[in-house]
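Sharing a structure below in structure tokens format, with a few things to ask.
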């Protein structure tokens, strides 16, 4: 250093003395709390959708991914299929596999969906056209559907949900709220569509299962659970 | 005082019952020896004391070993004669954990390898998976990756400056570095959602586009970053005490550096302009204009100054990224469950400490069959034996700080 | 009651002893005072005949009592100043602006376990902090705080100071050796090497000043510097002052020469194995040392208790208020002035800010009144009594230097041990010798030119 010795030290002392009077960076935590950014992921919480319903599908992906197994869950999933009593982490694998398969877009051996009856949608389409696909008239649509089909088939509710954009659970909730709406055909009432529905159901079962086996034969690495042997079924 | 239990008393009288402790009766000194007979010639040579020498256990709990490194120093007075680094106090088995998680989850395990430069730990893994899967990453995602990682590089280097000064006894630079670091951490938190373990890079892109919060913070910071960092450096760069302690200390010449597989700023301080961003370009670095700062001295001061120059280059890169950033998606279209074809892939990136690399073997399932992580801190630690021997204890700490190892990465 | 019992249970043996003995001693002293006042004539006569005894006892008591609060003050100052320089806020929870945090630290230290490691030499281990603390406190005795306010005016004051101050190294060495820890040993040996090396330039840098002053009594040296500030020795001995400052930094083990407790190298040096009140003694001793060193610099080079300027005697207002002649007026003043003044001072706040409740306005008024009255009393004392003015100037200057030490700690990194020794022997020692020779030559030349 050709400069005056000690000049750097003096400069540093000057800097600290200047900083002595500058505004401070400390955040007095309990009184002042920093706004966490909107994307902050540090907090474990369940999200709600715009209807105030839990978005969690109990797919167990979070619990499976958690490296220290701090996530666990209980309750039932949104489809009402599994009732989980704070399941053991060892069983997450099976449930996760099933969930991942369902999300992958491939056909899944879903017992709840495999057996709902197919319907002839033309009549329903006509009803929906009449109500202009407006979810506000949901009760009227449902009543008209029941008048047409004799009851409310699951396939019809699915179709209504798809066409009107209303959430399936909301339609289901509306349908279960009113006493006069029903999901099973009454035993004594025979509608013109009932017979057609019965034959279509039998045909669909055979074709679906055959297609399922064919699609699953190609995938390796996972063992398909025997139908009906779902884990932790209450 | 009540009577001590006989066995306790006996133990106190004769601590050599403990196989780890040997009592030199004449000197009255406990010496650390390995709990097993020496396995190699080097070990038996090291654990034999010469005339007037003593062992001192530095770490695993010591203020300046950057985590839980333990160094057994053989001292002659205050001079380090020889040393034996003992690793493994932070071993988590990350590589094995990665082999039991599917490809998406692996990123979360790579993340906490180094808690100062998390994005650089994710990147080689993600790059290797993308090579395995033949994924084309959208260009916007590549630019965002470069932007975020260069921010992380500045974060890491500003912490390095603080630690360096702290190991030399300066109390203040660490806090100025922490202020810098906190601003960048908040910025990255608004981009990635986390302050420390970002878990931001995804196979085929990044998790989320740039948002307004991030951009306003970044613009605010960029407008004063240069002056702020320059001002903070005024405390050290010209300080005679600091410069006199660092200059000519722990000189690592080119050949030794190559022999010790040193990479990154530590290698560039020895005069080798090796930078993986230029030497083996990945991402969009061929399109960006930046220099590779090098120094010829190879001492601690050079290692410090190279890092400071790198901060400036990183600021340049960030500026270019912001100007050249194209529009478009930030994630490639990928299935949820990844099953790459059987094969192997290797990827390396240039991190703030050197070469971060990952080597992955896939057997066709949704989990890597074998995952090997290369961490620069671990590699650099093998040169401490060469660099520290013959110096004083204080210098040993300075050398240690100038190599900038993070124990999370060393022990994996 | 349970809280008291719980706190008592948490105290260590040392803490229990301290908490028992201090009130007992206070009671004893009070009793003694009462006895002297009541039974008094022969006792008072005896004490008046042997004034040195009274002076010694009072000085020792005062020094012991004030060393701890001044250490508290410096510790708080260090925490706060370094924090502010680091762009932090620092202590702000206990007491106003966190000023009681160091007191709480002191209490905490009392309550901690008094631990001594296996293999330590218990006796030496326990004695070491006492030696260090004692040597730090004993140096306070000869420092002239103000005219007539000093423990003893020795004619070898400076020599005594260096001698007793040098005892610190014995304590540190004892601590380092007895701890049965290699870090402590290295720390102790470092301190021995450092203090022994820096003792020489420290002493030599003052010799030039002694040639000028012709005395070793700190009191006399301070008196020599009275008058305007250009009479201070720093303007005649700038090099000596600089060397003394640097060497004194090393003597007090302060940054950048705090190698004995270099926390990033040898964990805490000699104090590694210490905890509880034994560590507290080290801690207090360090800060008392800082104060002593600052006071010494002020006394030797910066005019001691002298004001930097003199003003003519006719400018000084004469506040000779004869309280006895005021009669009934005094009673009224004492009774009426405070409430009226408080009301008057709180009125603007109550009127000006409608959101302020009346009682808060009253509190503000009360505080303001006390501040004004306190300032008035201090100002009156400053003008009327020489020793108050001297004390204020001395403390002001001393704490300026304490601030400088703290400021250096906040800025500078630590030097290496070989650089430290090289600096002492290669630079400071020749420089102080040069200072000595130049001063001596200048004195001779002056004497030849202008024979007395």
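Per-chain numbering from 1; labels A, B and C assigned in written order.
Keep in mind that, in the parts below, a residue touches a chain if its C-beta (ideal position, glycine included) is under 8 Å from a C-beta of that chain, and two chains touch if they have at least 3 such contacts.
Just so it is clear, the structure is predicted and the values come from calculations on it, not from any experiment.
On a Cα centroid basis, the chain most remote from chain B in this structure is C.
Taking the mean of each chain's C-alpha atoms, the chain closest to the overall C-alpha centroid is B.
Centres computed as Cα averages put chain B at a distance of 45 Å from chain C. The centroid of the Cα atoms in chain A and the matching centroid in chain C are 71 Å apart. In this assembly, the C-alpha centroid of chain A lies 41 Å from the C-alpha centroid of chain B. In chain C, the residues that reach two or more other chains under the touch definition are 85-88, 410-412. In chain B, 172, 179, 235-236, 239, 241 are the positions where the chain touches two or more neighbouring chains simultaneously.
Residues of chain A in contact with at least two other chains: 9, 12, 15-16, 25.
Here chain B touches chain C in the complex through residues 12, 28-30, 54, 56, 62-64, 78, 165-172, 175-176, 179, 235-236, 239, 241-242, 244-245, 392-395, 397, going by the rule given at the top. Against chain B, the residues of chain A that register as touching in their complex are 1, 5-9, 11-12, 15-16, 25, 34, 36-42, 65, 67, 100-101, 103-105, 221. Residues of chain C that touch chain B in their complex: 82, 85-88, 118-119, 180, 182-183, 186, 190, 255-256, 258-259, 262-267, 409-419.
On the side of chain C, the complex with chain A involves touching residues 81, 84-89, 92, 407-408, 410-412.
Within the complex, the chain A residues that touch chain C are 9, 12-13, 15-17, 19-20, 22, 24-26, 28.
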